[in-house]
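Submitted below is the structure of interest, expressed as structure tokens.
Letters A, B, C and D mark the chains in the order given here, with residues in each chain numbered from 1 onward.
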């Protein structure tokens, strides 16, 4: 029996949530989960429809994106996941989708402005849109560089990946992460909903203003940090 | 057996209707129901996914938001519900959601204009958007003050909470209420549908005008008051 | 056993199709079917949720909107249906909904322009929007006058109700009709889909032009008249 | 037993996928599959609701659109399918829908701009919109000429039908094709999703620019050609 059985199950379940939440069409998305002790992560195989996906199809890779276990080819985005796990020790899961509204913002090359508390419950800044990669990087090790495109964008903005758990890759689509694969999936759904609300907000009021600081802070602290009082813990 | 069994069941059912009606993502919403004789209301526990919610998880609180019965922490919005029950004797239920279109109007800081009879069947004015709270109130007892933000907005507009049973809290999201929790849930769905229709109306005709008085009056009176002739009672 | 059993069943099924097709929220809609030989039509009772509706709840009325059989109060729009059946001998069914996109066009007081063959497969003109009623008519026998509002609008435009089987009532919502209740339900879904497509067309191209005459004619004739070649008859 | 049993089953399944994917309302669409050895294709009968469709209803036609086997009348669009099969030897399936967003672009007479990698994963150019047909062609053999309208548009743009597998027919709706009927159905869903994303992209940023060449090339080559590395083959 595989030493990675539990990790594969967690990853399978995270992946299966994506079509349930309406975040992927066909195979346009993938979720992964990490096992820090074993130094590996588990990811969806490339191009397998969700309806056909089985736990045993999940592929195990190391943080240089080498396959450790599995008979199928891993997701074509595997190197991006690997870079994020390697650079960010605190994250436990990564998700990539082409969800409709978040992808539209990425195609528009626009950050998603923070207009309300739905957004502030999850992060206190706009959701950043990383500018498209330089041509020589695209022609090189593209998916590997996509990882650094994400990391560099957060650095340039001065954002902490433990507080900002979602990004738009310009002209491409969103990536999200979190303490667990489950949380990364949750963040993908939040990103899509916030993207839709922000679009509608600007349609209704093209001069809509960002949420004021006091509300950003209050709502984020309701859910995060030592004085949080949301949920049961 | 709990003395609040029926109240908990009513509250459980009202909460479960919210995801069924497409009004909440994850845990972004809560419904409560009151028992005026016992001086308590029942509300969803904080942060519990709807799929996991059970009748016995429902928390009983008094009108100062103290927990009277229940092992879980009540919704983080409990104080807002408490204020509304305390100030408005006639209401039997309160609902809060972050439904997509109503929240977009709240984020846009715009009242939802009354453009048609779907709206006028339920209220004869625009759906008001309460302006964001002052910073010192946000830093103080925020959820308690949200209750007064709602009450004050209605007062300033000269609206009766028995006739206007829904409001947008600016930069946040809608709150609705009604004679029962079931009616408050119904009003949340009406608010979302009317919000979507009003958005589309302005997209189609940016110069769209409010419904004329005679139609507002006629449609409201079809459903409300002594000469109503809608429904079976 | 009721002499109207078959008529009630037909009407029940037509009504139940409305929520299935996503055309009604709660009780915001009603379908009726006529029996010309008996001089009656059958219609949904007022305010009864679709989930609770039963065949035996369906109410039988004459063409002056008097109840002939049934223990429940008929739809509040019954007089509008009655007028249409009385004036237009060829129609067998009438449907009223507040479907989202068609209602938005009605609230915008705009005809739905004929932009493509999806529209032309069903009618060769814009879908007309009847202007709001005069105040004294609203204060009078409102639902009765709504019937004439529809009939008069078609007359003024020079439209034949056998060819144009759908209309928007300004600031209110769509009404449709057809040879059968089933066809009237079908027309309600077509009206909503065409309304959505026309809205999106103008969003994509604010200068979009109406379909040219040759295409209007060709597509309508594919489905209607002696030389039609669509379907199996 | 029919010599075309397998072909009919493939065609039936392709057709049934269309409502499942939300691409057709009522009977507004059709899928076909070819058997090159037998020189025939199988297509949906005209006007039959998907809920009633059976494998044995599927009609077999030759490449001049003559019925070879089947008791029902084939789709009114059969001649368009026939022309495409006759002219393009490599294709195995053709699909026509009136899916909402793609049809809106067709009604707007606009190509769908390539704004992101979701689009570039499938084709490296805008999705072309063929201009409406000349009036005398419409009055002539309309569906036959629709086939040439599609073929001519691709020729004028210098597009290869093996690389561009989808088109909008101006004022009408999309047609897609592919190596198999299954792939043609897949392309219809991709076309609709890309149409929706492009619409939203322009709503968010009216000055949105096309994807740059390096990204177009990279994403297309991930999925197509000798160096592709997407999927399991």
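In this text, a contact is a pair of C-beta atoms (placed from the backbone, for glycine too) under 8 Å apart; a residue touches a chain by one contact, two chains touch by 3 or more.
Since this is a predicted model, take the numbers as computed values, not measurements.
The chain with its C-alpha centre at the largest distance from the centre of chain D is B. Both copies, chain C and chain D, contribute mostly unmatched positions to the interface they share, with under half of the numbers common to the two.
Each chain gets one centre point, the mean of its Cα atoms, and the points for chain A and chain C are 46 Å apart.
Mean C-alpha positions place chain A and chain B at a centre distance of 33 Å. With centres taken as mean Cα positions, chain D sits 46 Å from chain B. Within chain D, contacts with two or more other chains are made by residues 203. If each chain is drawn as a node and touching chains are joined, the picture is one closed loop, every chain linked to exactly two others. According to the touch criterion at the top of this document, the contacting chain pairs are A-B, A-D, B-C, C-D.
Residue ranges on chain A touching chain B, taken from their complex, read 115-118, 186, 189-190, 193, 196-198, 200-201, 203-205, 208-209, 211-212, 214-215, 218, 222, 229-232. Taken together, the chain A residues at the contact with chain D in this complex read 25-26, 28, 45-48, 72-73, 76, 98, 100-101, 103-110, 132-133, 135, 138-139, 142, 171-173, 199, 202-203.
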